[in-house]
Structures are given as structure tokens and as C-alpha cells.
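Two complexes follow with chain A in common, the first pairing it with chain B and the second with chain C.
The block that comes next holds the complex of A and B.
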């Protein structure tokens, strides 16, 4: 088991995470089983109850900002949030590659969903779409610019979504690795640096949840706008 | 070829089981206890290591065995550089400390809260069942009461039957008395008639006899009689 980084950014290279030809990210597959199998019992276990509570809170939170007509679509965003949250959270564990720190991964989620909403709107409500390109009460001479700016702000949405997530993850992991490098080199002040690392880790744990929430709720807002 | 060769070494009993097919093996497997989901979490040591692992070591090595094993194996891995203490190790150490802290400090509270919630769910599920049980119990009691009252009804039937019999008896006796009185009346009537008839007949007989006697008396006889009477009176007066 050797995972010594030559370069700090090497930790975002998935190829170095093969330990004995096994990548620990595969344990995500078991996670679905752990969640799924609990539902075979009528009375929930503690873990299942925790998940249920969490889901219930999230459902309430999400359903507030969603049109009631489309409540059945909430589950897409909820599951997306859970997916990203698990990815974020488990990337904090050692020897697990952080998938969500890559645009390849984030963009494939945000762009595909956003593009589908966009095409849906363009196809079903084209007038509505075009109307929103010029905001209300904008001066006449600015209209052309406004259209351009609105278009840019529209097309930049999936990029901002994915870049927000990946930049957050990258920054967090970088700081964590920097500090752990420090711990490795200055082992005599390990207790002190561990406290700082713990604080950072708690921050990162919460960030992993919050970023997933932000990602999915923004996508949901885009979905709301497209209807 | 090889598979056939391997099959040759399988004992005859197993072959028979295999020939019988799934049914026999299914019976065999079903006799084993069904797996159950553990309701309570199994005990752990050091926050996350299952107690079973320590129990596994206990008969061979005693109490300190697993700890010694952990430390020696760890030092072996580190000293031979099978496991290199790089930055991921320290991050993992910190993460472990966070989880241990959380499980020691927040774990019991969270567990208690979740247990309460689970109990609420369980009670919610049970309440319907208990309600229906209570309903059925009430129904059973009702039926028992109905049965009891049906027994009372039988008693009432008996009493009514007795009553009817008594009434019939009374009626019969009344009828008997009526018949007796009626017959007595008739018999009295007949006896009275008989008495009257006899009296009339007697009267007639007496009348007929006196009449016929009176008719049979001739004037000479009368005269003689009268004379006899006068004579008698005279003798009587003479005597007096």
C-alpha cells in the first residue's frame, strides 16, 4: 500500500488509487444494498430510521421550492443529492478517490439534466423562453446586451454547478492533504495538528452535505424555471 | 474428464442426495434455523471493533491476545513497509478520532432518539392490531353473553312449558269439574224427575184407589156404615 504523492495534485489522479489492483470506490455499490435491504423489514432499524428522518427532512425542504404539480419529480433530485452526498462524504475516507472533484463527473450530471430541462423548455414553451431573455423594464438600448447576458447566464449554469462542486471538493481535499503532509513531516506536534485536521474534517463533512444540497436544489430550481 | 473423475470420489450418499434433486436438500436446509436480523446492535470494543472478534481470540490467547496481535501485526506491516504511513493514514486517523468521539458522545443520544422514533413507528403499527384484537375480544365477550342469555332462554322455555302444562292441567281439572257438575246436575234432574214421577204415580195411585174405593162404596154400605158409626158413637157416649 503505497500512496506517496510526488505532486499535491496527484491525489486527483484516479490511477494512483489502485491498491492491490483494487479501487476502494467500488464499495459504493454495497452502499445501495445497505440502504435497500433494510426496507424488507416492516419496523425500521436504527440506520434505516436515521435515513428515513433525513429523507423526510430533505423531502420537506425540497417540496417547499417545487411546484406542487411536479412533486413526483422530486425523487430524481433527492436521489441525485444522496448520490453526490455519498460520493463527497466517502471521498474523505482514506484511499478513496474523490470522484466529485472532477468536472468529467460533475458535468455529466449537471449538463445532462440541465440540457434536458433546457430542450424541454425550448420545445414546449419557446415564447416563454424567449420572453425571459429580456428582463422586465429594461431600457431599449440595452436590450441586445441583455439578451446576450441572459443567454450567457443561461448557458453557464451547468458549468457553474459542476465547477462549484468540484472546486469546493478540490480545495477541501487540498487543504486536508496539505495538513496531513504537515502531520507526516512534523510528527512531534501530531496532537496539535490533529485538532486542526479534525476541525477541517468536520468542516469538510458538512461541506460534502451542503454542496450536494446546493447542487441538487439549484438543478431543481432550473427545472422549475423550465416549466 | 476431470469432472467425471472428481465425481467418482463423491461418496454414494451424496450422490443419492444429488439424484433425489432439490427436494431433499431443500428439506435439509429448511430444518436449519432461519436467519434473523439482529434487533439490538452487537457489542463493540474501542468504539467500532465488534466484540465477536475478541471472543474469537479469547480461548486461544486470553484477554490481551487481540491487542497484542493488532500491535504486532501493525508494527510488522509498518516496519516492513507493507503499509506506508503517508498522508492518507493521518487523515484516516483524524477521521477515526472524529467518528470515535461522535459515537461515544453523540451515539447514545442519537440511538435513544432513534429508538424512540422506532418505538413510535412500532406502536403505530401495533395499535391497529391491538385495536382489532380488543374489538374481537369484545365481540367474543358479546357472543359469550349471547350464549349465556340463550341458556337463560332455554330456562325460560322450560318454565313456559311448565306453565303451559300447568294451565292445561288446570283447564283439564276445570273441565273435569264442569263435567262432574253437569253430570251431577243431569243426574239430579233425573232423580228429581224420577221422584216427581213416583210421587205423582203414588198420588194417582192413592187417588185412584180412594176414588175406586169411594166408587165401590154403595149407598147401603154407606148407610150401614153411618148407622154403624152412630151406633158406635152412641156406645162411646154411653161409655163416656
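The block that comes next holds the complex of A and C.
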């Protein structure tokens, strides 16, 4: 029996090996710019209506956990979620490069936003920042240690955000590829494995939305904490 | 430094950004259509004879701003045709996805073509 197994991590390679290591695949960033809606007619189209409903529901969801003073700042998180969601969704199709499975891409979103919130808090509410380093009712002999732990948990936040997104995407794509290899090698149980593959694909589609939601809502919570 | 920035602004024609295109006249053309070219009308590209092609290209505006407005007009045409109708379908999504798949396959062909030789590893 012929066993075909491709290099599993090859699909996450941004270079195209056409002219040296030219990383052409980052051009897929513009895909969500093309789908971006402009308002033109007074009566909204179906797409516009869909997006309006989508943003309305999410706005209600997000605004519950945010101070009313900062509601106008929600739009950056909503648009970030929309952007990541579309990048995740498009990358499920064959030959479309999955941008969000790269730390280079995710960190540029999470680190820049988180760092701006962090600097804002340090500059405007330094006492507030410092007193959160020691949790309430912590024993005296643990205090020094607690500061260290709290600092670490503070500084790994952008990293956990981006690693969560990329690891979820990588694992999803890997499972799909492994199952497709399995399908190629054991063709006699094809109907059964096709059902499994479809279920997994539906799961991945939902995961592409959920991970975008998690990313933006956690960033929003960090924003909330900073003021 | 200031001179350098002024040069860059001149190069990208920053003072015309966000304005209507030069040939547009509200009294003559009516409401503004972002997908339409308001310059001097010329033969459409699909109807140019091959022997006239160099002359046709020589007549075109060249530079950053004309190219950007070309892309913008094309994008608007696509959006007005597929996404803005009151009862649109899912066609633009599929078009985008298939275009992305084609670009991805063509761009990564040098890598992908090795796949058929992969065996036992």
C-alpha cells in the first residue's frame, strides 16, 4: 500500500521559493480589505444588513462588560474581531495562506494594543497599577512573591493572546490535513471518513469565529482594567 | 526634513486626496459615481487594436495617483455590482475566495509541485 504523507507544517510557510525566500504570502492580508463594505445606497443591501445585525449583537454583548464612558472605543475591538474572523475563515479554504496562525501577525495586533493600554495606565493611573500588583488579603510574607507573579501574569498577556489564536488555528489545520491523508490512504472507508471530515470542518468554521471573539473580548477586558 | 515631506506630498499629490476627480462637473455629470472614469473618454481597452496598443498606453496617465484611482474604481465597480444590490447573493464571497485560492496556488506553485514526489516520509 502506498503511504503518502506530506510535510505537515509546509502550509504555514510564508515564503514561496520563487525568488529566493520572497515572503509573498503575506499579501493575503488585503483579502479582508476587499470584502470591506462601503456605504453607498440609503437602503442597506443584504450584506450591509447582515453586518449591521452582526455588529449590533456584538455591540450589546461587548458593552455589558465595559464602562459606559468608553463605549465609543468598542468599535476598534469589533472591527478587530471582524478582521480576525475573516482571516480565520478564509484560511480554511485550500491554498489560502493562514495568516492568523503566525505569531508575527498575531503579536503585531495584540502587543501593540496591549502595550498602548499598559502605557496609558502607567501614565495616567500609576497608583492604580501598582496597587493591583498585590492582591487583596495576601499574607505579608507572600507579598514580594505576589508582585513577581502578578508582573509575570501581566507581561505574558499579549503572548498568551497571540499564542492561543495561532495554536488553535495550527491544530485545526493539522487535524484536517492528517484526516485528509488518512482518507487518501484508506480509500475503502471513504464515506465514513468524509462524514468525520465534514464534522471537523464545521467545527473549524465555528472555531474561527470563537477564537476571534475570544481575542477581541480579552483585549477589551485588558482595556477595561487599564482605566 | 520639511522639504523632504513636501516633496513626498507633491509626489503622491496629497492635496487632491479626498477631492472629486479633475474632470468631474456636478452640473454636467449629475451625482458622483465612484466607479466611473471622469477623464477624457478614450477607446476601451477591450476594443483597442493590437497595432494601436503602444499609442494607447502612451496616452494613459501614469503615476501613483492614477493607478490608485484605477484600483479604487475597479473595486467600486465590483462592489456596486455584487455587494450593494438590495437583493445580493453570496457571489462576492465566493469570487473572493476563488480568486484567493488561484493566487495562492499560482504563487506557491514552486513549492506545491514537489508534493507528487513525496512518498514514504
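We adopt the following convention: the second predicted complex is superposed on the first by the 196 of 227 C-alpha atoms of A that agree within 3 Å, B and C clash if a C-alpha of one lies under 4 Å from a C-alpha of the other, contacts with A are read in each partner's own complex, and residues count from 1 in each chain.
By definition in this document, a residue touches a chain if its C-beta (ideal position, glycine included) is under 8 Å from a C-beta of that chain, and two chains touch if they have at least 3 such contacts.
Fair warning: this is a prediction, and the values are worked out from it, not measured in the lab.
Contacts of A:35 after superposition on the shared chain: chain C is touched, whereas chain B is not. When the shared chain is aligned, no partner comes close enough to touch A:174: not chain B, not chain C.
In the superposition on chain A, A:25 contacts chain C only, with no contact to chain B. Of the two partner chains placed around the shared chain by superposition, chain B and chain C are both touched by A:43. By the touch criterion defined above, A:183 reaches chain B but does not reach chain C.
Of the two partner chains placed by superposition, A:154 touches none, neither chain B nor chain C. Legend: residue contacts after superposition of the two complexes on their common chain; A:93 is shown touching both chain B and chain C. In the superposition on chain A, contact is made by A:201 with chain B only, not with chain C.
Looking at the shared chain after the overlay, A:103 reaches neither chain B nor chain C. Common to the chain B-facing and chain C-facing surfaces of chain A are residues 2-5, 41, 43, 45-46, 93-95.
Residues of chain A touching chain C in their complex: 2-7, 10, 13, 16-18, 24-25, 27-28, 31, 34-35, 37-38, 40-41, 43, 45-48, 90, 93-97. Of all residues in chain B, only 37, 39, 41, 82-95, 97-98, 110-111, 114-115, 117-118, 121-122, 125 touch chain A in the complex they form. Within the complex, the chain A residues that touch chain B are 1-5, 41-46, 49-50, 53, 92-95, 176-177, 180-181, 183-184, 190, 194, 197-198, 201-202, 205. By the touch rule above, chain C contacts chain A in their complex via residues 75-76, 79-80, 83-88, 92-93, 96-97, 100-105, 107-108, 110-112, 115, 118-121.
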